[in-house]
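Chain lettering (A, B, C, D and E) follows the sequence in which the chains are written, and residue indices restart at 1 in each chain.
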Amino acid sequence: QTTIKIATISPLSGGQSNLGTQIRNGVQLAVNEYAAQFKKAGFNLQLVPYDDQADPATGTAAARKIAADNQILAVVGTLNSGVAIPASAALAPSNLVMISPANTANQVTDRGLANMNRIVARDDSQGPAGANFIMNNLKAKKVYVLNDKTAYGEGLAAEVEKALKAKGVTISGSEGTEEKSDFSSIVAKIKLTKPDAIYFGGIYNQIGVFIKQLRGAGIDTPVVGGDGLDSSELPVIIGKAGANNVYYTTVAAPLEALPAAKTFAANFQKTFNTPAQGFGAFGYDAAKVTLQGILDAARANGGKAPSRKQVMDTIRKGTYKGLLSGEVSFNSVGDRKAATLYVIKIKDGKAALETSLSVKPPKN
Amino acid sequence: MIKTTVHPGPVTPASSGNSILEVDALTKEFGGLTAVNAVTLHVPERSIVSVIGPNGAGKTTFFNMITGIYAPTRGSIKLAGRELVGLRPDQVTEAGIARTFQNIRLFSSMTSEENIMVGRNSRLKSTFVDAVLRTRRFHESEHEAREAARIMLDFVGLSQWRNEIATNLPYGDQRKLEIARALATTPKLILLDEPAAGMNPRETEDLKALIRRIRDELGVTICLIEHDMRLVMTLSEYITVLDYGTKISEGLPHQVRNDPAVMEAYLGRGAAAGEYGKEEAPR
Amino acid sequence: MTVATPAKPAVRRPVVKPDRTILLVLFFVVTSVLLIISHQPGMMKSLGPFGDVLRNKVVEALVVSLFLANVLFAYLWKAANWAKLLVGIGSLLFVLPLAGQTDTSLLDLSIQIMIFAALALGLNIVVGLAGLLDLGYVAFFAVGAYTWSIFASPRFGEVLKYYGENPGATGSGTLAIGLVLTGVTAGSMLYIRGLHGRMAPTRLSSLSFLLAGFGLLSGIILVGRSILVLASGSAAAVASGINPGFFWLFLALSIMAAAIVGVLIGLPVLRLKGDYLAIITLGLGEVIRVLANNLGLYTAGSQGITPIGSAPVPWFNSLAGSLGFRPDQYSLLFLYVLVLIVIAVILLVNVRLDKSRIGRAWVAIRDDEIAAQAMGVPLMQTKLIAFATGASFAGVMGMIFAAKQTFISPESFNLLQSITVLSMVVLGGMGSFSGVILGAAVVTLLNLRILPGLGEASANVPWIPQEVNPANFNRFIFGSILVAMMLLRPEGLLPNKRVARELHHEDDQEDESEDGNASGLKQGGDVYSAGLATIKEDDRPGGER
Amino acid sequence: MTQSTVPPQPTAPSTTGSAMLELNDIHSYYDHIHALKGITLKAYEGEIVALIGGNGAGKTTTLRTVSGMMKPRVGTLTYLGQDIAGKPAHQTMQMGMSHVPEGRRIFPQLTVRENLEVGAYTITDRKLIEERVQEGFAYFPRLKERENQLGGTMSGGEQQMLAIARALMVNPRLLLLDEPSMGLSPLFVEAIFDIIVKLNREHNTTVLLVEQNANMALAIAHRAYVLQTGEMKLSGKASDIAKDETVRKAYLGDE
Amino acid sequence: MELSVLLPFIVNVIVGGLVLGFVYAIIALGYTMVYGVLQLINFAHSEVFITGAVVGFEIFRVLQDSAMNGYLKLLLALLAAMTVSGLLNVLIERLAYRPLRGAPRLVPLITAIGVSLILQDVLRFLEGLQGRFDLTYTLPTGFGNKFCATDSTCAPVGNFLRTIGVDVQLKDVILVVVALVSLLVLNYVVNRTRLGKAIRAVSQDRVTAGLMGIDSNRMISATFLIGGSLGGVSGVLFGMKFGTVNAYSGFDPGIIAFTAAVLGGIGSIPGAVLGGLLLGVIQNLIGVMNIFGNLLGFANLGTIDASYSKIGPFIVLVLILIFKPTGLLGKSNVEKV
């Protein structure tokens, strides 16, 4: 029996370990599911998780280590675009494919690396989608745009701002903040400028606190965000009373809405004793794409373990069905050909699907 | 050896008329307290002068101003005609004044030798680049510093402590080491703050000889603070007495010793005999 | 009864080290073989169960660590010089690159270790020798990294484009004005400085010095701006960065840039003592990171700069090629060799400075600033030299780091990095060069090999639940190791003799840990100066008014 | 030539029976420095015992060992019948000792008054503390003048006064004085010796006195020990020691 | 924008900064206390105070449905948090710092960082065990997001606040009151009591303190107990104000708080408070700088936005320390030369 490994790179310790662990766990679940199938094909399937601590340098070092382990045929990761960019570059020379369950920044695939793919939408579709929602559904004329000063949050917010400006919407404020606890000065500014809507590019654990304080200050302005808000913790942080009028764009439908996701969520809960969240599902999907791709490549290779390049090429060419987030196939640079963006609305602490729209990457 | 390597010039006994240090109307105020009040002092070249006075009279503060550690409130300090007020302590040292401290301040992680080498630092010619490139100048400098340390250790009689950590030395020897370190800067004038504190009469005698040699052999002018009257009276050529920051008397030892104001404020009655036992009952 | 003579210190008998030449060579051979085998999948397969053991990630991490220990032992053990040389050069120049041929991550790891070693050596000057606690050291690393990255990436083209589109009122006239301003102010600053050397500074002269400084700054800004505007025409030509041949020039420039930033940061803050300095450097480190995050035009902000070029060295590449390296490994191999040379130079500079007038001055101000000053050591200048020297090491390594990563973003330069470097210094042994290098190696190995290795090895062990998988507890494990090492060897792994001398933990001197108060007997514990200014502000040394 | 400030006590304290403080073959080390090489010493209740010796003889080390600042490596150390070897200073101090350390060791950031109050840490009676503070002020009027000045800004001699006054706050049974006259002007040197004698007479305080000013120390002491490079060279009645030729030569500066 | 809008805005920004400042101040005191006696920047303090927040949270959660008076719940939470954080701090000192007495000062500093990392993961693990990551405060019934200006619970203050146009929440008022009380108590203990004097003596010279009969180890433990308890209080207040804490959320405010302590003059209690307040206000003012920049037409100011508020405190620190090298209220070391 030949051992085949896949690796994950995600933050397992540090402030974003919650999401990073979700990814790892989602992948683990898929690996568990596929183990039997691999066994039948004569392979012993294993997962090796790596911790990148959300730090580019650590992530790159992990990537180089992974590249050195010839049994690893594919990588699922990362959480942060800022890590994905250098990490995928480090993997590229050894033709090691990387499938991202979370990275939305344009640059991730814009560099045209043969090994970098993602199953999530890009920020240049997520951004305009958010912007359109703000204009069309929320009918906002004046928007306050915030970001978290990370590669992801700032990039996304910039896309939103660009789209809004193009449509003549007033930007009453645009700024970034790394603050995690105290948003009083921003809240005061919002109170002063009275926007019709607020867009915040960032991650739920920061934005949640912000919304909590915003609502606490008696401001009910709608808050819109991107996939970073896709976490069941968000309404908990905001608190029942304030968890209203919050929207976000994301690429996975709410888990409750999908029958497939139901079993996934139950399995997840059973295996890891924590509820599954968006990125758990993304990780799971990405892993399924990966594993399916490896199996396909192995089949094409006459049942023998495929080379990394074969896996890389197979995955880029393949089409994968039956995933939680629908069908996956990649364009020439590794963007998901047709992704669905969902707009979720949080009302009374409950997330519910508001609208959905199909988006395409700029290249095909 | 000493004269040629470390200290330039031949040495003649003291008593030349020119003042090397001229302090004029020097004043230091701490908040409401005037620690030193318009003190004027001229120190002749190659002389040994003393500043004495009761505890808290302002002697150490006076030294601290001369060496640039405290900025004077008013007044002027001239070394060989050059104004020192406003210079940093290291510039004062470079100008030619070295000192020891009332509370010994040796470099605690260095050996005796290294302590002295630091004293020599400001006279060395080698630069950062020399050190990195190990130029000839660097080697010369290092040699000079080491040689200075050796000579100074010999001079004060501490050769056997060369490689011992300075702060492990006995108290009295630490004082001597401080003197050696100060001498390594090739000063024109050295200020000694209570050099005999912590020494027994026998050791004080040795110290006295050492101080004389510093002046005679090295040609360094000496200004010292001391409470040991035996030392002061036999060693000094000139004495200034401070009390409450003000100069209350000055002159030759026997003049000062017999000045009633000094006796009253400082010496006590029995001091006139040069000894400090006393007959009168405790107050 | 005789006249008392001072007690002679008891002579410590020198420990006679056994000659370990044979052991060293043996160790070298064994670890080299292990290293090469464990990175040769083909060979491992043929080894059967032994191969499986080697494949275990923890074992692998240990093999790498043991192999690197070669260098350490070659340094520490008493052995014939040929053996030391053989082991040192052999492992760094032959075995490691050889193993790196099949496992590029080894090269990456070694480069990372040496980068951190250089950082630790630089910080060691500042903290270990001069006793200035700097918690924002990574700022200089960032400066070096950005100095190269901005020019060697598409950023430079973007900047030129921006200035081409927004020239403002800038033109060749501005350049002329700027040049004149720069010249005049620089001249007058030099003049005033010379004056201050001869006479005490007055309020007026200090003020005009400051004024000239501002003039100089604006002059430089004007010149810079007009050059950018005038050069904006060639934006397209540098769309993917300047000619990589400038790499060598920038090696010097990054050193200078970091040193200048070091001086600029140092000037206002070096008058502060101890922890005032610590927190303020921490803050300024953050300031630099936040600036990098906000000055999007130059640094691309949080998006980061990529791709960053590296030096073109055709001859090296063909050499590497003929040695069997793959083209994608050339650049890393080149950087490996470069970093090896740079660290050798840095180490040399360190050792030479330490045993010089400047090194003594650093230790003197660490021990007692007032006494040092009274012995003629100029405080500010000495501290600034320490700061600038330390900074320049970080600067050059920052540049190499950027070239290696091909991507940098402000996230890589956060506070945690500064703290990590500091922990390397302390862990290895403050003030000891071999110590801090070892500290850097240990911490880097821990973070990049051993902890991930633990995570990997345990990931597929069924009885270890995911929640307590070591991969999730990197901080816990790292923290525990830090604490344990500090408790077991407070003087560091390879202590500096001076520090060790101060750390006399003898039972006779009442051990504080038990019951007493006495460790302050000799107040030598302080390795950086106390947190409080020594003199009342109104009594500041005359010259600093 | 050695004129004592005060005539010797009419009745010297008894030196038979059990001593208040007893050091037996004490060895103390600083790291590798063997500072005390078997010191044996006794002090009886009500005695003034002088300890003299050259630089680095081990006088300070002896006092530190007694007060518990250091642990002896070898030897026995009893105080009031209790073995106190290795007891930390804060415990021995609570047994009625008081130590004026070498180098004064004033708390620089506490005011003069606070320094005195901390000296009375083992006393809880506020009134008594105040009484003692006033007593200290009476000994050293300069301290009263500077009641609210920070200890660290006092002049060397002023700090020495403060250190002595601080040690007297608890009215100790055993007073360890390490060069109390160091840095004091002649007038105050006299005053200090007066105080020592007064304490000894009026409160029956036992005093272990280390002094470089050996003439005066021997004049007020009952007995004396001479230390040399960590060893006890001589002991006996203070007046006899003061007459000893070698002692005079070695420590008293006679030629 | 007219003045009638701008004035309350600016007042509110400042008041918000002051409230924030009180949080910083009380965290800062935990650092200052320990710094004072050991000259150690206790990096683990940030986790100690987060532990306090977690304990407070658990108390609130347990009492969620009880009919107990809200203030009583708060009091219980404070007491529990003080106890746990205080003891944790003492334990840390005992195990990690005490064996290092007399080592170079950076050694315990690194140890403190190690302890900080350990505690972060432990806290995260404990949170993870409950299947959650971010702890969210449920405020005791009675004072959720009530505004003083509109709510009757704080009528007397409310009237006053309304007239000056300030819009604080009841919990802010509670926060300030609790913080002030702790500060006053601490100030009394340190400056007026025998314990306080002994602690200060130990902080200046442990050996000599021993000669005064002071057991320095006990005093150091006492200091860690006090510092830890303050950490507990600040944790509860922090959680109450911001609503969310997780294992890592102590780090950033911890650094700012220590900066506040330095700014005020390390070791000085009123200094820490002053520093905290100043930094709170400055942080908030820098956060709204762009509003003024835009209003007044200074394009450059307009780019100074919330992303700079993190470094505002440091820049202020540099500026102030240049002119006052020992902090605003710091005593200079008065070592006599």
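Just a few scattered comments:
Please note the rule applied: a residue touches a chain if its C-beta (ideal position, glycine included) is under 8 Å from a C-beta of that chain, and two chains touch if they have at least 3 such contacts.
In this text the structure is predicted, and so the values were computed from the model without any measurement.
Shared contact partners of chain B and chain E, listed by label: C, D. Comparing each chain's Cα centroid with the centroid of every protein Cα atom identifies chain C as the most central.
Among the remaining chains, A is positioned farthest from chain D, on the basis of C-alpha centroids.
Looking at D-E and C-E, the interface holding more C-beta pairs in contact is that of C-E.
The geometric centre of chain C is 33 Å away from that of chain E, both derived from CA atoms. For this pair, chain B with chain C, the centres built from the Cα atoms lie 43 Å apart. As a whole-number value, the distance joining the C-alpha centres of chain A and chain E reads 35 Å.
Work out the mean CA point of chain B and of chain D, and you get 30 Å between them. With touch defined as above, residues shared between interfaces to two or more other chains in chain E number as follows: 121, 128, 205, 207, 209-211, 216, 307, 310, 331, 333-337. Contact of a single residue of chain B with at least two other chains is seen at positions 30, 60, 69-70, 101-103, 105, 168-170, 173, 202. Counting only residues that touch two or more partner chains, chain A has 13-14, 17, 149, 176, 178, 273. Contact residues of chain B toward chain D in the complex are 30, 52-61, 102-103, 168-173, 194, 197-205, 227, 229-230, 266-268, 271, 275-279, 282-283. Listed in rising order, the residues of chain C touching chain E in the complex are 127, 133, 268-269, 271-276, 278-280, 282-284, 286-287, 290, 293-294, 370, 415, 419, 422-423, 425-427, 430, 467-468, 472-476, 478-483, 486-487, 490-491, 499, 502-503, 505, 512-513, 515-521, 525-528, 530-537.
Interface residues of chain E facing chain A in the complex, by the touch rule stated above, are 1, 5-6, 9, 12-13, 16-17, 19-20, 121, 124, 128, 131-134, 136, 138, 144-145, 147, 167, 169, 238, 241-244, 246, 248-249, 252-253, 283-288, 290-291, 305-307, 309-310. Interface of chain B with chain C (complex): residues 30, 67-72, 83-91, 93-94, 98-99, 101, 105-110, 114, 117-119, 121-124, 126, 128, 130-132, 134, 138, 141-142, 145, 160-161, 164-165, 167-170, 173, 181-182, 185, 202.
Interface of chain A with chain C (complex): residues 12-14, 17, 21, 24-25, 28, 46-51, 53-58, 60-62, 64-68, 70-71, 82, 85-86, 89-90, 93-94, 105, 107, 111, 149-151, 153-155, 176, 178, 272-273.
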